[in-house]
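As written, the chains take the letters A, B, C and D, and residue 1 is the first residue of each chain.
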Amino acid sequence: MVSFESDYTTGAHPEILKRLAETNLECLSGYGQDRYCQSAREKIRACCGLAEADVEFLAGGTQTNAVVISTVLADYEGVLAARTAHVSSHEAGAIEYTGHEVLELPQENGKLRPEDLEAYLAAFFDDENHEHMTFPGMVYLSHPTEYGTLYTKAELTAISSLCRRYGIPLFMDGARLGYGLMSRETDLTLGDIAELCDVFTVGGTKVGALCGEAVVFTKGNKPPHFMTSVKRRGALLAKGRLLGIQFDTLFTDGLYFRISRRAIDMAEELKAVFLRRGVPFYLASPTNQQFVILENSRMERLREQVAFSFWERYDNDHTVVRFAASWSTTEEDLAALDRALQA
Amino acid sequence: MVSFESDYTTGAHPEILKRLAETNLECLSGYGQDRYCQSAREKIRACCGLAEADVEFLAGGTQTNAVVISTVLADYEGVLAARTAHVSSHEAGAIEYTGHEVLELPQENGKLRPEDLEAYLAAFFDDENHEHMTFPGMVYLSHPTEYGTLYTKAELTAISSLCRRYGIPLFMDGARLGYGLMSRETDLTLGDIAELCDVFTVGGTKVGALCGEAVVFTKGNKPPHFMTSVKRRGALLAKGRLLGIQFDTLFTDGLYFRISRRAIDMAEELKAVFLRRGVPFYLASPTNQQFVILENSRMERLREQVAFSFWERYDNDHTVVRFAASWSTTEEDLAALDRALQA
Amino acid sequence: MVSFESDYTTGAHPEILKRLAETNLECLSGYGQDRYCQSAREKIRACCGLAEADVEFLAGGTQTNAVVISTVLADYEGVLAARTAHVSSHEAGAIEYTGHEVLELPQENGKLRPEDLEAYLAAFFDDENHEHMTFPGMVYLSHPTEYGTLYTKAELTAISSLCRRYGIPLFMDGARLGYGLMSRETDLTLGDIAELCDVFTVGGTKVGALCGEAVVFTKGNKPPHFMTSVKRRGALLAKGRLLGIQFDTLFTDGLYFRISRRAIDMAEELKAVFLRRGVPFYLASPTNQQFVILENSRMERLREQVAFSFWERYDNDHTVVRFAASWSTTEEDLAALDRALQA
Amino acid sequence: MVSFESDYTTGAHPEILKRLAETNLECLSGYGQDRYCQSAREKIRACCGLAEADVEFLAGGTQTNAVVISTVLADYEGVLAARTAHVSSHEAGAIEYTGHEVLELPQENGKLRPEDLEAYLAAFFDDENHEHMTFPGMVYLSHPTEYGTLYTKAELTAISSLCRRYGIPLFMDGARLGYGLMSRETDLTLGDIAELCDVFTVGGTKVGALCGEAVVFTKGNKPPHFMTSVKRRGALLAKGRLLGIQFDTLFTDGLYFRISRRAIDMAEELKAVFLRRGVPFYLASPTNQQFVILENSRMERLREQVAFSFWERYDNDHTVVRFAASWSTTEEDLAALDRALQA
């Protein structure tokens, strides 16, 4: 069955498997100290234009959010995030597991609005009882968001400025960062992100790796003894090479960007199919995830031929569903979807 | 200066101090095993009409919420609460500190509406991805709420039925329970609460005690080895007598209810003062806390003569403030407020 | 029945109850901001000879240990303590509940030996894999120890020097500090302790208060937003006056030291009774707790007339039990014990 | 440089890489629900002789210990382990991070002795104050231990019986289980382990996988909603196939056992080299890790040619070091070591 279920239903980009095989018998020390991790760090730093950034590798996305947030926050602080943010709603309480609160803010198309953030921060410090409340200690953004939408450079700049005014670090969850960077509608570069954020991630799992997220601390702000903190959260891989080799490959010859662009191209064709077949969009997404509204009985019929993801109930008769494109999406997949929708 | 700052600005009801002095030289074992704790348990059980309820004593309100919620929830569960609930906003993340999420729901006048709860639960179990989300494992209500409002018997019955249908325990935070029970506008008795809730608290700190909250597990559902769990949360008082003697006194000859009624009577007079002096109410509260809207410059002038609490900004020129009555509020206090408002 | 069960079986020193009653109707703000808390802070600072120390009040001993340790430690750190330390063995895992490890060291008569500490620290930093281990981030001592023993000035100086060499804060749990200071065999003053420790506590619960421990941060090292951290651990009392008035009373006219000396005097008479009646000591304690070895059948008979505490099994036929003296121990209590032992 | 640094310095067994490549383009659902995970579960169940066991896959060893221990323990419980156990000393406090205590017991050659366990349990429940202590809620064993040693069937049976008598689950950490099963000196089969333990792991990372540990709950005792608990600990891999395919391969045609046997054979030759070259053993290990004592200057010279691991200081002039054999150890590696030792 053809699948648009997610961008992590196939294995790894073949180049990654090739490199894993080529390096397989090399004896390498564990825990991220090997030469491939070092090389990957260098390449990511170069891509970001940050010669001094600290780059660390972790296995999964929820894990990465929990590790970054809980090692950066002070005891009395929580993280601000949109109500629809991954950390707010789809990580089964992983942030709370670390003892910290997710302070939820309103959202618009999955994005945190600078004015809502400003209003929250002003009200917090204005409140005479704020010592009885969780302090805002970090701002979390996902880019692309959970709805595939993107921050503009103006929006990210506004949020970053607010964060600096209040002395609060800005964290961008880039689990699908490549798709944001390669979108045809973005004006944000990796360099902009590196400059405007205090810490951000470069997602591998959803961009062609078997697993792996790179964390970039941009301002010399890596928490002390970070490796020990990672270990005690159960997040330190013995064979760190598995992450290092993958990221080294992704950042060689622009593979990360080629993978991402391919998915964007497929997503544009996907949009064209929906337009052609009269399937309404839930919102306009310029990245690899497309959210459409299906009448429930049509959804059930379509499911017999095509895999996609339930997103949320729209009304009693309709459902919002997600179709995701990836590096491994093919023209045949699109044609099959087109036929299925036509039926 | 006359004070309506809160219901915990004076010490204890004199009867409590008298009993502490009378029993002071008795040798009693620690940790809640003494005869006064036992007697207080019996009296509270009798008041609730629950011969088998487990009653335990803790020192503070936030502590009690954290202990109860974290010992009742399973690992993968969070607690549902109104956005304005004490556990959501004014406990500095105490619930999250225990590793559990507060799942915030909309509110109306500080109350959780049965229909919002039902919609949330239906959507959660309907969501095909709910295994990636925090499970709702408890419903938290405060009664009176943080805005002094009260659930009706019909509302509490609706919420309780929903909880039972979904197998989710219902927890009522009764930090100010006495004021709810003695309100002139309530139709809920202590017996109703004992029947409809799985666990509830009888607040002492804000109802005439130096400190102390009684926790009532109504259905044989006290968590196993509760004392050990209390201890490891740092919440076990060595001299448990301090809590036992206070609650034994509060539940002797109806003192808890007399204290509460006195505060309600004073609150009704307080309302009359505001009405007379043209101070608008933020909402209608039938209990001892009254929320009014003051023009900012009037607020600043009033502050020189009367103590009250900042609640929240109303608009650029007005502020919502709280006045609380208690057992120790006097006619003179009310007269002084009246004069100050007249000025 | 006469009781030597512990030093917290009676209520509070009468002077404390008197002051609670005298101040009962004063309107005071909550959460430790009232004038009695301020006055108590001043008096404790003066006693310690530390004009700049930060003094905070908490309700219970285990709570205080958990709050202090978890707010001072960094994420990747644990606390070093003797195997018999209260935090290691008798707090039901309260330190681990905060996410931190207690790193257990050998003990001698309940005391941590400087040489064992030095060996541990040297080996830790010598170990090439120490990034995979919990970092030692604090040294915990109790003084008096759980066995009533005391550090000498030379021992405390040696431990303090080691801590400074390694940059590790030294924390003294003074739940029974008064008995240490008033012992006839100590050469350590409160000033010495204030100078040699980074944080220490002055216990109230076991020295005549209803509840309460004072925490003294001696080097401008109070954790930031400490009140918020206390609140989120459920440890912030609304009526902070309850702690402030008690400590203000204890540190007025030397009451804390008079209470302690009285207990020491009674403990010396207790020792004389055991000597006279041929009851062997488990170890030599110069403070208010005395540990003796009783043959099991004698222990059971004695229990019918005198209350004391089980400590640990000595061998199949003998048990180590504890007798504690306090401010409320009387000559009659001692005479009754003497008669019971004679029988 | 030839390396005996650990059993995780090379990549994966080539058969695993081959299977990853072969299945790479298959569309598979995430989070462990794919057909390879299902197949691997079946094969592991068959190997254990437990048709009903629940088998789950996690990425790393410390992660697995933390997830298993924290989901099985009740709130008031800790885990019993030898002082040298991985969870006690080399996981940077990962168990404490989950809020639970590791209750350390004495060890002999890395093993927990049944008599020490029995003495602990008897004393705990005998102690009249045990409600103030962490309850023993699980027994943790590593097999092979951190020193390469093995439990005999008689020892494991004795420990298992004790656990059942006290109603405490027995957990075996099998990070290197294959080497235990293929040791020439063991009398314990996988079936024995499955019968005697309540939960155990089958380590992949150190036995030829890129990453991955299989957890086997043997008695229908998998914690409820385990996937959600795994997710909130940041331990749920999106591409669960990475674990499923590896374990499916390892348990096809006995690969897991062939890999393990090969390492055991190499370890036996390693022992012969040490014997021949007069290098004394620190203790007798029948598995793939060998611990020897090197004079410090010899150690430094040897390090220039051969990689191995520092273990612990033996005395001022000697160090205990570890040499590990694995599936990728070659005869050439052994010959090179032999030459280096001869020099």
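Operating definition for what follows: contacts are C-beta pairs under 8 Å (C-beta built on N, C-alpha and C of every residue); 3 or more make two chains touch, one makes a residue touch a chain.
Since the structure is predicted, the reported quantities are computational estimates derived from the model, not experimental observations.
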{"item": "Labels of chains that are neighbours to chain B and to chain D", "value": "A, C"}
{"item": "Pair with more cross-chain C-beta pairs in contact, given A-C and A-D", "value": "A-D"}
{"item": "Chain C and chain D, separation of their C-alpha mean positions in angstrom", "value": "41"}
{"item": "Between chain A and chain C, centroid-to-centroid distance (C-alpha), Å", "value": "50"}
{"item": "Chain A and chain D, separation of their C-alpha mean positions in angstrom", "value": "33"}
{"item": "Residues of chain D whose C-beta touches two or more other chains", "value": "76, 91-93, 96-97, 99, 131-134, 228-229, 231-232"}
{"item": "Chain C to chain D touching residues, read off their complex", "value": "76, 78, 89-93, 96-102, 104, 123, 126-129, 131-134, 309-310, 312-313"}
{"item": "Interfacial residue positions of chain A with respect to chain C in the complex", "value": "70-71, 74-76, 99, 131-135, 223-225, 227-229, 231-232"}
{"item": "Sites on chain D touched by chain A in the complex", "value": "1, 3, 5-6, 8-12, 14, 17, 20-21, 23-30, 59-67, 91-94, 96-97, 205-206, 210-211, 228-229, 231-239, 241-242, 307, 328"}
